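Pasting a structure below so you can have a look.
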Amino acid sequence: MNSKKIDFTIPNLGEAKISSPILMSSTRNDGQADYVSDGDHILYSIDTDIDEEGRPVPRHSETVELAGPREKIYYNPAHTHAAITTCGGICPGMNNVIRAVVRCFWYRYGVRRISGVQFGYQGLLENTPWPLIPLDPDVVDEIQEKGGTILGSARGGGKKVDEIVDTLEKQNINILVTVGGDGTLRGASEISDEIKKRGLKIAIIGIPKTIDNDLSFIQSSFGMDTAVQMAVPVVRCAHIEAKNALNGIGLVKVMGRHSGFIAANTSLAQSDVNFCLIPESPFDLEGPMGFLTNLRRRILDRSHAVVLVAEGAGQELVPTTGETDDSGNVKFQDIGIFLKEKILEYFAKEGIECNVKYIDPSYIIRSTPADSFDSIYCARLGAHAVHAAMAGKTQLLIGLMNNRFVHLPINVAVGSRNHVDLEGSLWRDVLENTRQPYSMKNTKDK
Amino acid sequence: MNSKKIDFTIPNLGEAKISSPILMSSTRNDGQADYVSDGDHILYSIDTDIDEEGRPVPRHSETVELAGPREKIYYNPAHTHAAITTCGGICPGMNNVIRAVVRCFWYRYGVRRISGVQFGYQGLLENTPWPLIPLDPDVVDEIQEKGGTILGSARGGGKKVDEIVDTLEKQNINILVTVGGDGTLRGASEISDEIKKRGLKIAIIGIPKTIDNDLSFIQSSFGMDTAVQMAVPVVRCAHIEAKNALNGIGLVKVMGRHSGFIAANTSLAQSDVNFCLIPESPFDLEGPMGFLTNLRRRILDRSHAVVLVAEGAGQELVPTTGETDDSGNVKFQDIGIFLKEKILEYFAKEGIECNVKYIDPSYIIRSTPADSFDSIYCARLGAHAVHAAMAGKTQLLIGLMNNRFVHLPINVAVGSRNHVDLEGSLWRDVLENTRQPYSMKNTKDK
Amino acid sequence: MNSKKIDFTIPNLGEAKISSPILMSSTRNDGQADYVSDGDHILYSIDTDIDEEGRPVPRHSETVELAGPREKIYYNPAHTHAAITTCGGICPGMNNVIRAVVRCFWYRYGVRRISGVQFGYQGLLENTPWPLIPLDPDVVDEIQEKGGTILGSARGGGKKVDEIVDTLEKQNINILVTVGGDGTLRGASEISDEIKKRGLKIAIIGIPKTIDNDLSFIQSSFGMDTAVQMAVPVVRCAHIEAKNALNGIGLVKVMGRHSGFIAANTSLAQSDVNFCLIPESPFDLEGPMGFLTNLRRRILDRSHAVVLVAEGAGQELVPTTGETDDSGNVKFQDIGIFLKEKILEYFAKEGIECNVKYIDPSYIIRSTPADSFDSIYCARLGAHAVHAAMAGKTQLLIGLMNNRFVHLPINVAVGSRNHVDLEGSLWRDVLENTRQPYSMKNTKDK
Amino acid sequence: MNSKKIDFTIPNLGEAKISSPILMSSTRNDGQADYVSDGDHILYSIDTDIDEEGRPVPRHSETVELAGPREKIYYNPAHTHAAITTCGGICPGMNNVIRAVVRCFWYRYGVRRISGVQFGYQGLLENTPWPLIPLDPDVVDEIQEKGGTILGSARGGGKKVDEIVDTLEKQNINILVTVGGDGTLRGASEISDEIKKRGLKIAIIGIPKTIDNDLSFIQSSFGMDTAVQMAVPVVRCAHIEAKNALNGIGLVKVMGRHSGFIAANTSLAQSDVNFCLIPESPFDLEGPMGFLTNLRRRILDRSHAVVLVAEGAGQELVPTTGETDDSGNVKFQDIGIFLKEKILEYFAKEGIECNVKYIDPSYIIRSTPADSFDSIYCARLGAHAVHAAMAGKTQLLIGLMNNRFVHLPINVAVGSRNHVDLEGSLWRDVLENTRQPYSMKNTKDK
């Protein structure tokens, strides 16, 4: 963890003077739901250290602002034009977020101008072919029962900050809610900077979207729970395929470019995985401790095996393509196809018959509607984004931290990535469950 | 929240001197999974207050011991006889817990005597007809794909503390893992007291099981996520039934004796609920603010409605049966049937045709296998229970607190109940989603 | 089987002289899809008898007209006003039928006036509060993903033949497609008679809807496959509940007023049912061969049991209510609740502890969307209804017979019911699967 | 259809003289399930022709023997050793068949020696490493809840007829039930011939298994219904992916080497498919009527498209690999990957951005457990195979014909393939649903 003090202060566009149209209480214990005040904070961290007398003391003193409806708001709902856009790859829950944002603006605050921006930032470019879509509760009524996003989603466009802010001005947009990952949020941060430079009063609110769960400070990102729910039966199929073939090897690839959370959680949810390969834990193919050597042992012992690999695992093994996608992410060679070929080569060389069944369920997983866990999460993320925006806060994203919804400065969140801690309890429990070796690197000096 | 200091100290049976057979590291940053030490604590609470200078400061200073494998253990695995029992109503995930406990004892610690106690504490009584079942990894291999518990489950028996401790002694059981709710854990506490009185070295470890999520200090209890996943499509069916009939009213009852978490979360996960009734929020039937008056308004306005009611809601309205179940819980009259009749009477009186479709999915929900969320949770709960037991700790339960697995003294946990906070953010978000009135009591003086 | 000759002749409103806008071929073996001609028939029955020389010969000589697009049609699409209505209880697949009908009229024939009649025949009464709904492909685009029917459904109204035909005339409706069960189809027949009497040129086409599968001549009715798919996991839950309780008895009620097809098929699809009770096979409760005696034996032997009962089973045992529903069906007392009470009484009397878990999933089953089997079936039923109507045929229903879509005169189909043949192979296989006694009547002389 | 008379006569090993241990009735109308006699036949075909007087008359006169329990059986259960083996690729329902066969032998006939042969015919070879597995009701109790086959499955081995018959003799196997496709059944036929040549009394019974549904005379093969159920949500995902990307094209490959039934039925079950490509309907890529030209039109018009391709479609377009699998089937190049590349090339050439999302769910589909439709079907197939075997019949397979279970001579069934009739009603309805062109060949002279 970071030992430097983190600044969790949230910028405001100005003083919130307007009474909220939402009727709540500001005193506890009157049985009525309460407003949240800017003074309501939680501790950022629950970690403790041991002091000289052997007693645990808090390791961090930073606190974080709680999200929620404020008693006073900044924007006059009658004059507010809110917009929302969804960026990057699709992920379960995007429509739930859109729906919650629209409903909260409309029903709770009475905002009547709500626009959907199509295909991410591209819908805000000067010559975009895609017009804004007017949104209201009827339009979004049942969209959460569909996967994907009704606004379409695309990468890129975020670098053209001037064009985007021009469009926001021209369209009189006061609030922009952006749903997206690391690149999108960095774009949002730059847009905010330009807005500030121009002296505009436009709130930029981010809702973090990363099915890989690789954003720092965010306890877990929406869509990941659904992804694991969907991955489990696929692993079960791989297991059946493996058991039904002669020396069958079921090989499944799941999402996880930099972080192996989906693979790790799926391995815990499901008893059939024998090898879970994640980006955080590099491995060798051959040599006494290598993956293939271990796989060979398993096959000779049990005649079948299931391998679950995150898409970003073992990237040091595959020749790089050198390409990047529109968000600037390096394009990986397909580790699944690479592993399949290496396994076949190795077993052929060893003179052992084997049957590899490779399954890549990525599109099936990410295009599915949110499960109830993510539905609840997204409903609440969306509402909290609206509360923050109406209060005139900006350059923040809505995060879940220690199970509370909080306001996080965008710049804090995009600075670093969230990884599976190889020394922590999640990975420990995965290793216990798969019973794979602690390391499949030949040298210990990594 | 409680302002009195809570004592989170965990009792030990004695000094743990034996080196753990689990090979891990005790230094950070060597890339290897780490043991947990008794000094590893987290803060119990992340809540803050504002000091005189307007700065947030921690409201509570208590810390809680982290769960996890210890470097030194108390029991010699070769001499250990571990037992596990499951009590109370069935709940998704019980088999996952059994499986994790057995696998952790067997594979991680090398314990070879593991017994399943049938039908809760009743399987430990002197004249029980149900023998202990020997458990090993083969027996529990795929049990998690079934709902329920392979050990059977029953209420009662917990009062016969002497008989139970006699049986533990006779069977040379060193460790008893009990999976159960409030009553079961109170029983476990009394068994621990008797064990202590007799000077025995038997560890009693609880794993909290309450589909209603009504145990204090436990962030959420296993099975609740699955329950909500299962309740959502049922509410969708009720909605279809309601829309297809003339003035159709879909009425669904879910679990929730004292706490309305399943109903509240289902209402958030799903957009179709118009009225969510929970035990924490009493309501009137008739009168200007009463439920039936609101329902009538909705029907006249939209011609259909969906009502989701927790089984313990509105108990002040129904005549009590006066009976109790074997765990001593008061038996409620069926609020669903009661409401159905009241609705029909009221609409008949008002001269409005209506069709009530009442669905009680309780047995379907609770007998289902765990979803992936609960599977992961249960796998980890079970393993942590074993780690605690082998380290010679006792009178504790494994809890999830601020997303970490911790040791909680049983007596602390069973003292009070967890309720939906009517002034907190969950219920606030439910009210925003259902758009039901903040209160359906006629008088404000509750 | 009926030995009297059945008249399968289909009435026509007049000569079909207009060339169909659907381009197909009328010669075989040119690789193009073919029109169906009125001469295309299939044999009604595949049953054979043995002649004096021991050779099998066809038992029946009747043939039935095949459904499908005709080369010449009767109605000018530009002048056609088609209407569709859905009657009776909801059933999986109704929206699929509506969608297929609308799409076929619109895309294949170019009909642009298509009206949805709300709440069955009630939407055609003189003073109905529910207007016709204009339908087009956009309106019905994704309705098949929802259960129920977008038109709403209600019983009754069918007796007011004059009013209905008046409305058809006033609204210039040329074609009425009615989706419904026995009562609905009888109504359709009477409407046809009145139309004929008035010399009108209005086609009445029925699509049989009975989740119970109790219509004669129809191989199987849509929705039943989905009903069985949905019932199977419920029975599995009942089994889990039964096994987890002391002498647990899982009791599940499914639809089946006069015919036990859902119960019989569910018992075959699933291995957990020990007693399958259907209307066709009367049983006694007590006495040496009675159901309770058999249940007692099972419980003493195996400690748990699963009972699956069709709603119409054992009706001779329960006191009748004397009421009828709006379609004129006699209202049954709930056999599930009745059986539960009888079981509890009997076991109490016998001094055997038992726990009965009663599940009634009817609303969950019938309000679900169609599975793929029923989706395909409904898509084709709907299209065939349109082809028949455009060809000027009337007083028919679309049926599946020997796996072919055929035209059946309504009067032939509504005359008698389809029952599970107690001497046939379906029931034989059920008995083999459940291993229940061939009869649970005490006297042999039935 | 075939105009030559087909010989449906079933060979018998000898006279069945032993009274069946199954107690049934041999008279109709006594309310008890009936035996089936060898004289019980049905018409093979329901097709009619028109005679000179315009009346429909049966086109075929052949009749087929009904399957079912006989009053007299051939084998003495006490001396019977039955074996079962599963061959070829896995398919939903194989475990259901195994289970039904074992249960029927055991419970209905009292046979106590039942052996499972592992990995198809390979388990019967002289030097097989896989021993026979003893089967009984406990072993097969819940296997139907798993996909695949507990016996494992493999291609090949069927050519070593001598070795196989040697093994049958050595192991004293009297009955061999083989579950497999075209190649397997041909092998079974050759084994039967060798058995006859040696004068042995071993019954060979086939149960047809082809997920592609490409066996003649079999109305539909088990596993296909489940395959369609599983394919539908995958197509839905492809649709979501297509709609969320800029000019998105969702491309899904399903099974169907020679016959496109899965693709055709999935297109009917689901409204999202725009192009259904099957082996029976060859197509061009480019040119005015070619697939790519049509796809381009759709993309320019609607911005997204869904393409469903059977694995054997368009094989004349891809360079052949020249390889064959162990069953002798020609290995196809992957049409999905081929099409994906061709689409990308073509759109790049045309200067139109497009995003192709290719999904191959084959392993997920085929390794899933049977749905309720296939569960019922397999339960009945298995039981009928046992009845046939015990009656001393041989060289037959159990088929479903006109919804009745019948005995088909193996040689009749393996002679030809079942194809989607391009001029029949199934393909006609697919074309109406997808609204794709009747042909995507440039020349009309195919």
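A, B, C and D label the chains in the order they appear, each numbered from 1.
The rule is short, and it goes like this: a residue touches a chain if its C-beta (ideal position, glycine included) is under 8 Å from a C-beta of that chain, and two chains touch if they have at least 3 such contacts.
Being a predicted model, the structure only gives us computed values, none of them experimental.
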Each chain counted as touching chain B and chain C at once: none
Length of the line joining the C-alpha centres of chain A and chain B, rounded to whole Å: 28
Chain A and chain C, separation of their C-alpha mean positions in angstrom: 47
Length of the line joining the C-alpha centres of chain A and chain D, rounded to whole Å: 43
Contacts with 2+ other chains: residues of chain A: none
Graph class of chain-chain contacts, one of line, ring, star, complete, other: ring
Every chain pair in contact, whichever chains are involved: A-B, A-D, B-C, C-D
Of chain D, residues touching chain C in the complex: 23-25, 28-34, 36, 39, 41-43, 46-48, 50, 54, 56, 58, 63, 68-69, 99, 104, 107-108, 141-142, 144, 219, 225, 228-229, 231-232, 265-266, 268-271, 371-373, 375-376, 379-380, 383, 402-405, 422-425, 427-429, 431-433, 435, 438-439, 446
Contact set on chain C toward chain B in their complex: 90, 119, 146-149, 152-154, 233-234, 236-238, 240-241, 243-246, 357, 359-361, 363-364, 367-368
